[in-house]
Each structure stands twice: as C-alpha cells, then as structure tokens.
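We just call them A, B, C and D in the order they show up, numbering each chain from 1.
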C-alpha cells in the first residue's frame, strides 16, 4: 500500500496538461502553488505510520478483506461513519486546510449504493464494473477526485435549455468501446493531487436531459483532460522568496477547473450512462456523504483557529479578560455544535440495499447548513480576539531588515518574555484562516462546497415529515379529521 | 409493573401538604392546575401498551434482569443513551409539554455512578443502599423527583456565607437512625406527580460547606415536606369553566417549591452525607445527563410547534408563500440541530467505573447551550407565521354566543372550507407554546432547566482542551517550544 | 383641552356594544380587563401637566395655531417627527405597555397627505372634509383608533376573490347622505379607549376591488359597530381578587375585533370612496408612520424591561458578574439600535405636497424590521438574567398565608437586606413583559403591528435603489455599459 | 484650495523614510501598493468639482468664514454632523474602500473641543495653538493623519507598567523650544497620504502615566518619523503585471506602523502636554466621532458590495429566485440599519463648550458596535449569492491565453448574452471585498478601527443610565423606595 513519499513520486509521473496563471506548467507538482496542497493529501498517507491513529486511518475492505486506508473504504456500519468524521477532524487539525481526499471517498460510497440499485433494477453491469474499479483504488491506495459540479451557465435553465449544450458535461458519442464526453467540472478541490477523476452528474435529470446522466472514472492524465488552477486569496505569498508571511508554513489548498475536451471513456469505467432516473439519487447520496464530511474536517480546522486565537490572547496579555474567555467559549461551542451534527448524522446512519451504510440525510443536511454559518462567526470572533494588527502587520521580512528590524521587534513586542516571532507568526496563521488562502476553504468552501445553502434547505424541506408534525399539533389542539372538510 | 391508571390512583393516596395559590389543597391530584401535568406523566405508562414503541419504553434491568420502564433504567450502553433521547422526543411530541420523568432518571444514573465511587473510595455503603432503593423504584415503576436546585439567596455567596444558613439544604442533626435536614428545593417540575423525592446538592462544595453535601431519597408524603405550587403564564385558563382557550387540551406542566421542614431521613436512604469532595461530580453528572435530556424532549415539543405553524399557514392560505416555507425550513433546521446535539452526546458516551454509560460531557453542555437559544428563535418564527390574531383572538366562548358567534365565524374564517374551529384551536395551541403555560417549559425552562447558560459555558471552557488547540496552531505556524521562553 | 380624568369620564358616557369573554359588558370602562389600558391612554393627558415634558407633549396646530396635544398634531418639520419618537419612548417608559394613541396620530397624518393629493388631482372635497374632522379632533384632544387590518380570510386571494366578499371591509350601499359599509377590522389596539374610529383600506387596491378602497371616520358609539375584546396571555390575573401577581400594577393593553354591521357614514366623514389608485399610498404612508412609531414606544418599554433585569440582578446578588453585565450591555445596545432607527427615519423625513413631513420610508421600514427581532432577543436575555424563578414563583398570595408565608419569605430571600417583596414583584413585572399580557404588545405586536416582517421586506426591496448599487459596482470593476450586450 | 492632482504632486515632494516589504522605498507615492490608496484620498478633492455634491463637500470655516473642504471643517450644527455621514457614504460608494480622510477630521474636532477646555481650565494656550494649526490645515486643504493607537505591548498593563516604557508614545525630553517624543503608532490608515500627523494619547491616563498624555501635530516628513507599510490580503495583486485580478481597478487601502524615533516637536504644535486629566475625554471624543464615521463610510462600501452581489445574481441567472431576493433585502436591511445609527448619533448631536457639535456618544458607540457585526454578515451573504467560483476562478490572464482562453470563455459563460468579462470582473470585485485587500477595511477594520468592540461596550455601559431604567421598573412594579432598606 502506497505511503506518503511514494504518493508524491507517483503524481510527478503523471503527464497532464496543467495551466497555472496563464502558463502551461511543466512540472505542476513542484509548483509552489501546488506543493502545499499535495503535502496536505500526503498527511493521509503519513498517518498510516502513526500507531495511535491506526483505528481511524485503517479499515477492512468488504471486497478483499484486506486492511486498507479508510479514504478508500465503503462504510459497513455506523461505526465506520463515525470514524470517518473523527479521521476528518484529526486531519483538519493536522493540516489546517482541506486535505482533499473526502470527495473521492464520498463519490465511491455514493456510487457503490447507486450502481448496485441500477444493476439490480436494470440488469446493466454497472455495479460489477464499479467494484472492479473500487478494488483497484483500494489496492493502490489511490486518491480519487469526485467531480460533480458543472459550470451550469444560466442557472435558471436546465442542461438542454442552455445556449451552449456543453455547459453541463454530457455524452456526445458512443461506440462499442466506450463513450465520448464533453464538458467541464468546476471547483475541483485537489484535482492535481488525484490519480483518478470520478465524474458524476450534478443534478436530478429528466428524460430530455438523459445525455447528461453520466458517471465514470478515468486516469488523471487521460488525453483530453485539461486542468486550470484557480486563484485564491493571497495565493502568491506561497511564491514569494521568503516563507515568513505564509501563515500555514506547510499546507494549503487547491482548486481547479477541469475541462473534458472530448474525452474517451471505455465501457469498463462507465458507471452510469443516460440513466436519468438514477441521477438524482446519486447526487443526493454523494451530497449527503459530503455534507457529513464537513462536520469533521471544518471542525478540525476550527480547532486550529480557536487555538490560534487563544495563543494570541496569551501573547498579547488578554487571556484572562472575561470578554476574551467568553469569545473563546463561544467559538468552541459553535465548533462543537458542528461536530455534534457530523456525529449525529453518522450515528443515525442506515443500511442501504447494497449493504453499505448511508448517513441520515436530514441530519447531514442540517450539518452542512450549520457549516455555512458558524465558521463565519468563529472567524469573526477570531478577528475580534486577534486585534487590528492582523491586517496592518508589516511583512515579516521587515523584521530581518538591519535598520527597522530592531525597531519592529521593539514595538511589536507583546507580553514581555514571549518571543516576538510567536506573536507575528500566529497573526499570519490567523490571517491565513480568515482572509488568506485557508479562508477559501474554511469560509467560502464551507458555504458552497457540497452544495450551497439553498440546496440543503431544499433537502431539509423534503426530508422533514411536515405532515406528521401537523398531525401531532392537531391531536393536542383537539382537531379531529372530521373537522378538516 | 404499574400502568397509567394505577399510577394516578396511587398518587391520590399520598397524604401530602400541598398549597395552591394561597390555599391548602384537599385533593391536589384533582386540582385543575395539577391534573394536566399528571396526565403528561401518565403517558410514560401508557406507552407501555403500544407495541410500536416497545424498544424505546422498555429496557432490561442490570440489577434484576427484568423488563422495566426505561425511565427507571441505568444506561448500560451508548445505545441506551440514544434510546433515551428518542423516547424523550417521542413523549415531547405526544404531550407538547414537559412529561417530568427525566429528572428522576437522570438523578438515578448520576447517583449510581457516584455512590459506586464513594463506596469504592471511602468504604461507606452508599452504593449498596442506593442499589436497594433503585431496585424498588424499578420494581414499582415509580416516578422520582430529582431535587437539586436550592433557593441560593445571595448568589454571590457560598452556602455557609449566606445570612440564613438554610438557603441551601443541609444536615442539621444526625443520630443512629438517620439524619435531619432543613432547606428547600426550587423549580421542582412535576413534584406533585412523584412517588419519591431524591435530593442532591446543588454545587461542588468545599470543606466549610460539608453539611450541605447531602443526598438522599424519601417518600413523597414523608412528614416535614411542604409543596407550594408555582404560577405559570395563563395558568388559570385551566380553571376556567370552558376548556376552549387552553390550547393544549390534555397536557400541561407544573412547578413546585418543596420545603423540607426538619425532615428525618433514615440511613438506609442516605446516599451521600457530608462527602463534599464528591458533591461536584454528582452535580456535573446529573447536570450532564439532564442537559442531554433537553436534546430530546424540547425537540419533540418543537416538532409540535412547527406542526402548529405549518397547519396555521395552511388554514390561512399562505403555505405556498416562499417566505413562509423558508421560515418553516429554518424552524426544522434549528430543531434538528438540537436533536443532533442530543444524539451526539449520547453516541459519544463513555463507560464509567460502575459499568454505567455517561454522556459526553462537553457535547451535552453544547447541547443544552443551544437549547437556551434555538427554542426562542423557533417560537419567534412561529409567531411570525401565526399572525397577529395570536394575541387578539377573542375567547372561544364568544364563538358560542348567539349574537356574536355567527359574526365571529364569518369574520375569522380563513381559507374557505376549513372548519373555523381548526384555525382558532390551532392559534390557541401555538399561543400556549409561545406565551402560555407551555412557554414556561419550552422557553424559560429551556433557558434555566438543568442549569442556566453560564453554567454550560463554564463546563465547556473546562472540558475543551484549549492547550491542545494552541499546540495545533503553533505547529502549523512553525512555532517551536524553544521560542516560548 | 381635555385632561386625564375628563377623558375617562367621557369614555364612560359612550353607548357601545362591547363583548368581553362571551358576555355583553354593561360598563366596559369599569371592566378590570379594560381599565388598565384606559389608564395607559390617560397618561397621554396627564403629561400635559408636567412642565418638564411640555416641549414633547404639546405642539402648535397648523390649522388653528392653537396649542394642542402632539397626539393630534400634523408634523410640520423633521423636528416634529423626532419629537414624536421621543414622546413615544417617554410614554413607553412610563406605562410599560402600549399607550395606544399613535395609531390614530399616524392615521391622521397619512390621511392629511393623501386626501390633499386626491382633492388636488380629482377635485373631490376629501381634504376639506378631513381638515374639518382634524380640527375637531385637535380641539377636543380626542383619541382616534386607526383601523386598517381586515380579517383577510384566505390570504392568497384578493378582496373580491374571497368566498365571502365581506372579509375585507367595503361599501355596500351609497345614497345622497352617505355610504353604508360592511366588514370588520382586526387587532384594534385600544379600540375601547377611542372617541373616533378612522377606517382605512388595508391594501393597494385594483380596479376590481374599488369598493374596498374606502376611508372614513365615525363616532366610536355609532350604531352598527360591535366590539369584541380579544384575550391576552395571563389576562385574567387582572380579574383576580388580589393584585399581587399582575406584574405591571397600573397599566395594560387591549385588543378588539371591531365589526361594522352595515354602518352608515355621512359624506362629511368620508375621506376616500372607491379611489383605488390612492389606496396603496395611503396604506404605505400610514404603515410608514406607524413603523416609525415602533422605534419610539417599544424602545421605552425596552428601557423598563432592561431596568427590571438590572434590578433583579441586584436583588439576587449577581449584578457584578461579568456575564450579567455583558448581557445588560447587549440589551441596551439592541434597544438603542432600535432608537437609532426611529430617530434616523424621522431626521431624514421629507416634505410632502400638503406641507406635511413624511418619514423616510426606507429607514422606517428598516426600523420596524429590526423591531420584529430585537425585542425577542432582549426578552430572551431578560429571562436569562431573571432566573428560573420567573416561571416557578408561587402566587404572591401565598406570601400572605399564615403558615407558608413566613417560610416563603425565608426561602425566597435574595441578597440580605433587600425587601423580599422587591424581588418577587420585579419577577412578576418581568414575567408580564416576556410571557404575560405585555408580551402580547412587546413581542407579538412588535412582530405583526404596523405590518408583518414580510411587508417591511417588500417595501425595503422597493425603496432601495438596487440599480444604483449595481452601477457603483460596475464602475469599480471596470465594467462599461458597452460590455453589457 | 488644493485640487486632486496638486494633492498627489504635493505628496511626491515629501522626503520621508518609508519601508515597504523589507525595502526602503525611493518613491513611495509611485509604489503600486500605495498608489491606489492615494487615489482614494484624491477623490475627496475631485468631488470639489462636481456641483451636485457641493453641499456635501464644502463647508464654511468658523474661523475664516471661507469655503473649505468639509474634511477640514469643525462641525457647528447637527446638520454638519449629518452631512459628514452622507459625504462618507458617498465616498465609500465611489471608492469601494477606505478614503482615509475621516481620521484627521475626527482628530481635529476632538482636539478643538478639548483644547478649548484645557485653555479655559488651565490657562495654557493649547486652544490658540490648535486654532492656528487648524486654520493652516483649512487654508491648505491638507490631509491629516490622526494617530492614536499605541502598540500597547502587554495589554494587561498600563503604560508605565510595561517592560519597555516606549510601548506607549511619551515625552522623553523637554526644553524651551519644545518637546521630544518617542514611541510608535500602529494601524495608521493612509499615513503615507497625509501632510500632517496629529498624535493623540490612546487611553485615559492616570497621574503616574502623565508623560504619555501628549498630543501634537507635525509635518509628515519631519525628521525622526519612520513609516513601515503593513501587508494586506492579496496585496501583491496590485503589483502583478496584469491588472485583471485586482477586483477594484482604481482604489485601495493602506496601513502603516509609524515610528517616532526621538522626534522633536516645537511648542507651537503641542496641543496637550502631560495633562493626564484631559486625556480620557480627548480619547472618548475622537473615538466617538470616529465611531460615527463608520456609520457612513462602511455603509457606502456596503452599497457597492450589495450592488456586486445583485449584478452577479443577474449575470448567473438567479436574480429572480426568491431566496436570492431575500438575501439581497437582508443585506440592504443590515446596511441601512448601520446608516440609521450613523444618522441618529449625528441628528442627536449636542453643543460642546467650544461651540462645536459633538455626536451623541451613546448612539455613536451603538453605531460602531453594529459595524463590528453587520458587515461580516453582509459579506457572508454576498459570498452565498456569488457562488463557489469566487475562490476557484482562474486568473483572468488565463482568459487571454490562446489555447485555454476560448475554453474558459465557453465554460465560464453565465446567462447567454452577458459579456463573460462582466461576470469574472464582478467576481474579482466581490472577492476583493470579502477576502481581498478591501476586506481588511470592510471587515477587520470594521471590527477594530475606532476601537475594538469591547471598547464600545464599555462606553455603552457608562453612557446608558441604568439607574434610571431601574427606577422606571420599580415604579411599575409598585416598589417604593421605603422597601429598599
């Protein structure tokens, strides 16, 4: 089973077309904008060597019975679901950013359940194909990108109504060997750090959109795939010659637009083709699993942010002020509320037909809807505690300047005795979370990742049995059914 | 095992000193202010006959191996903890009010763990005594009142510093047969519906307050106990000759001040006597269990309130307006967030030394802190949907008046075809929850029951490992320990 | 000019058909459910004798030049608008409830502007008639009820689409002497304390609903008018023999349904008849003035509630705890934010065609939308500070009982030295605001009075110039108009 | 009177020691990190030529009677105070960032009142000196930096208790010509764009800290002053060769640390020297004026952000979705609530002894406390509307690439017919506000500028007359003073 350095080495061998800020990247894995994000994924391999996390990072494959990395595992119990969340919190704590591997895991689980149903109902070998791919992923300990979100063009229109039919990814041709697809997938977190790209449709499709109801997996360097790296706040600090102002010195995130320029996919890797009736449930399950995920990973990042605020309070001499303590408690409270949601939708998971455990869909959506709110408030409170220096701090390079370095050290000293560097580095870390590259993951991705808040509201409305609640009220109010007509 | 009607019959036989609104009540169980609250407790017996709830309402005694009502059960697994929450949600849905039986259950579990530790550490037979009492409660299927909150006098002072030493309940005498105690316990929900009163201290005590570190159980009609019923909003509607304006036609709450006027307690029922070192952990555990409880019962009441709002929206012709749907989704979201907290602190429960499962203390406190907020917002949204008629509606007796009855029916008609009574009864039910007697339970008790919000914040601060979070941040910021000095 | 006792005496002479809880009231002004609300109105007369408030309570009539009570004044400057808000805050502070006189004032001002426009545009003598009525009101120092809200039936349908055409008040007949109207007006705060009823339409009307576009004034005891008093939370405490549990010992609110059972109105008092094009602007102006009002009166009530919470904190020994101080600051902050909105929409008022000053409509709606939120949070914080005793306190009559009175006094003592009655009365006052009759005014009326929150949102959307904001953004983003096509 | 280009030309002539990211800047005004911030200040000159804003941008000097730029004016009426807020909102709308000139204006007004009092009370010529300086500023139409915030070191200690006495700026020497000061001022927004630096103390000082109670003005290029530019999120995008990803193409912010390295100040420019009793009131007034300011400028920036979100909704085809409309209304509502606070504290301003109008201190602090909250929520809602592309969008340079440019244009197309550039530029503008350099001003500066939230809470607690509120409550509860003892 692959380990961390083999992982990075393997990625370097891929022959991909990658564009970064207007240029074709010769060696993308060595690009300073990419490296920290690969390092975050590599943590998911390095944990394999830490015995204290054995129970979290390993699972037993239901296919082969072999010990596998949990990020390739199909959940066979609520305990598996709970451990997933705990593993995510741990990695969020360790990397302080998105470690990118959940999206593939969530895609695998959603496909496992849905291909089973399609094979059962339609007699098509989707599940067999999927299981062969799954076993390969497990054996290789591979990273998969789960690619769902289409560009969508005019969001008021369905796929076939768009001015350009390619604004949702679709099957444009088909022959005995396989299918050809065209389109793009946006917001692909960690795309460059993946061995496989798993494509799924983005919506419940209707008959007239059946060409869009397609799911498959391909090697990350299959011909026809183009990657364009997205920008992030303060991204170029990773490029600056001096690392001082980066904040998080080791890890970072990454977002790509992936273009599928008439990509050919052999049938063996096609898991859904024009099965529009199954498109909606695949989306709902993937989204459900991924909304659960946020109850783990963002909580872990939240832990680091709370820690950064608490450390700054100490360095600046305010850790005993009652209003500071109160804000820290509030941050913890909000963060743990998210964790409660992650745990609850896992503990209340239920068995799907394929033998796999699905999270409780209502609670997973409740989880994610809270994630679209609380991290913003946690970040706001962190900025409150940090003080204005957060956005007025000179470059840490100034500290090394022979004339002004000593002056800066004199005037930016906090509590006497605390190394001035601690304060300044911690401010940069906190800035990274609230206004820097990690804010893209901790805030904006918390808003839109796994679906924007309105998507969660729609599922909550559908999953909550409002009629049952009405009947409860009618009973206590003494309203009998006879009175209704 | 006792059933519902035997339960009520049994309570009537008790010979207690009960004062209601300035008068000694001859037959308190028949008093209209008390009856609806006893009916709510009786539901916990009636569920025993409903096979669909068998798994929730019954458990197996770890003492006798016999099937017992779960409200007398000591939790032996996280599954037991989760079932407790589900049972509470169910009963909240069925009664729309506090069904009063959790407080005793929570007291039993907290005492089971703590008496075990005291007997193990101190060699005093507290656990033996407790287990004999517990078995009796299980065999009788008895209702216990868990009495913790002292009047407290000047809240800035410790027990022994109070001007009147009785403002916290204490041991005033002791002999070979037992102890004599004096003091009072406030906010005793459902006190009049209990067979036993279990007294616990209200604070972690210090050496100088050791007389206050006392816990015991007594029969509800033991001589020396005086009950004084508290008032609640709109309580006298239960007394009015016509039931129409009550809102909840069947169930209600109850709060008493219990005065212990030199009550004698035999040693056999004394579970803690002057063990001030164990007082804090008993309080923390009872509070923890009780804070978990609110993640079940208040969610159930929330379900009814949401149902009432949804029904009113329908009766009034606005159920399809997007802002109404959005408010209902928000209410559901908040309510399910509370449920997530209830489930999570249960699923993450851990084994105590006695073999009993304790909830996760951090998450249980997070649960309760959310309960001090979300029901208020749910109630606000319910009032928004209900419309102003909620507080301007004439008495439902006016509807029966021969002259104005027909006029009222004409002018208060909502959507054509819906029986006018549905709308008006539903408004009264919703009023009951947000401004009437159930508001005392759904709002104010959500605030202060099981400890006021500040109590939860203190535990959250203590339970969250802030140093661990600081270390996480320091690692990512590249701050080594060498830099700290 | 009438004073307070003349005012009450005058009301007693009215011969009205008033129903209270299913019975025709012989002497409504002496009914204990009505008296406290009349006392609140009477305060608006008594202020006339307090020289320190002269500038607030008096204004100079623009018709007669005479000194009049400001509650009958047409605003002639932004200073008048600001003084109105200050007078309202003062009276909210003095009565702790709704003093009911603003609704008439707001109706007078909205009609003054709109009748002017109708007379100018249509040549109908609406303004002349209105001014004669206005002068009478000013000379008499009369109380007017401004009656706008129709029962509305199915809220998804326009007036003429209702199953019963009378669910909105309408002109059913017309002759040379005047018109006959039929319908009802709901939520009429203080209806029984008014000399005149001023009726206005409740919506912008279309051509097909022109019979509903009617406005007029009538004597409060005109034949054909029926009043039915609404219930409020804990209303019957006002009836109980002992005043102790009332909370607010002197003042209270009142809500009526008024039925117009084929009421005849002479032309001299008809201010709008089937002018559907002017209906919307009359509604918008009345609502705008009334939404401003809430930035005064509710702030005054909020002051008392904050004071009650602060006093209780003192009586209970927690006034120095930092979390208590922090909650009081938060309550003040929210309350003063409302005041800011009340002041701002007044200070930014603008001149209407008739010479009258209209509030800034956008800001007045912003004001009211905040009023639908902040009082609920202030009330929640007040309950947090008050403690659980708020809903478990025995009847104050129990305090006088010879056996339990002394025990209660012993056990409910707060900080030593503070008279026990202070604490208990203050708890009852706070209960009155958050769960009792004043909660109907401070909370539910804050939600729905002067229009429900969605009504404010609609006006805000219309009044905010979103296109201007888009242009600002386009300019800074460097987007020229050429790029738009 | 100086105009915009003269202004920029003038600044270039200053001979200052400026460090930017570790290097001494030869021509700071031409540095790409500085230029956009000078452009924002220049707008305050350019407005002078726009007749439609004449009333806002010009005022009449109370010293000379001449027409002056309002940013140098001493407020002589509440109308002046209101116009200040309107001018600030206008400039916020025009620049989308901090235009930096208010801080000097607020310093001038606070000093005008306080030097008057010192001269009156102490007989020292502080006011005469100040007025001569003021007239010069008015005549020159100069920009002043108001420098208050000291580095503060250990925030738990007073100035003289710090390990390094220079952590607060202080007088270190004095002779017949003047004084010598040492220390630093942090968070100096727009320092490099100012002609004069006005220094004020940062705290109410006590006797033992009297050396720190010092205020004066100096030329911006006086020897002994060192400027070190702070970093901001995504600041280096301003340096990138291609302007595309900047967001706001024209304007930006700036923050400096200013070090006063034994600076000499002649007596003529010393406005307070060791007058510790007057230090607190100077701080309170400056902070009060500056907290008012935020009710103008941030509202203007909010207008642009709302416009950006509304434009994006249109470009992406969701502008008619009810949840999007609802979010826009909420953003407007919050923004206008801030404006209400800015207007109200101005309209309620009061006359100080010197003849100058001071804002209402309570309401100005309420204003600022809301500013520490609502912009964060407005930004969160803006990110919700914008969609995930906000943080995954490739560099706009990619759009020009010959291979991927056409693909990007194909796949990032929103509503058909809208130029693709509109959408992408608008996303960059919105990113600038919520996560880029403008976020430093719109969010973090909203939190900490003019004092952190806790500072506002302290003033609110002091300014609100809690005793008066308690008396109001006691009156209604029937609690007489006799009962208090």
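Here is the rule we use: a residue touches a chain if its C-beta (ideal position, glycine included) is under 8 Å from a C-beta of that chain, and two chains touch if they have at least 3 such contacts.
Source: prediction; values computed, not measured.
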Query raised in the report: By the touch rule set out at the top, what is the minimum number of steps from chain B to chain D?
Result: 1
Query raised in the report: Same residues or different residues: which describes how chain A and chain D meet, taking over half shared numbers as same?
Result: same
Query raised in the report: What angle, rounded to the nearest 5°, describes the rotation that places the Cα atoms of chain A on chain B?
Result: 180
Report summary line: For the pair chain C and chain D, the C-alpha centroid-to-centroid distance in angstrom is 39
**Report entry** Mean-CA-position distance for chain C and chain B (Å)
**Finding:** 37
Query raised in the report: Which positions in chain D touch two or more other chains at once?
Result: 323, 326, 457
Report task. Sort the chain contact graph into one of these: line, ring, star, complete or other. Result -> complete
Query - Contacting residues of chain C [partner chain D, same complex] - result: 82, 93-96, 247-251, 303-308, 310-311, 314, 325-326, 328-329, 332-333, 336-337, 339-341, 343-348, 362-363, 366-367, 369-370, 417-419, 421-422, 425-426, 428-429, 457, 460-461, 464, 466, 468-474, 476-479, 483-485
Requested in this report: Sort out for me which residues of chain A touch chain C in the complex.
Outcome: 322-323, 326
Report summary line: Residue positions on chain B within touch of chain C in the complex are 19, 21-22, 149, 151, 153-157, 162-164, 166-167, 183-184, 186-188, 226, 228-237, 240, 242, 245, 255-257, 259, 261, 316-318, 320-321, 323, 372-373, 376-377, 380, 383-384, 387-395, 397-398, 400-401, 404, 407-408, 410-416, 431, 434-436, 439-440, 443-445, 447-449, 452-454, 457
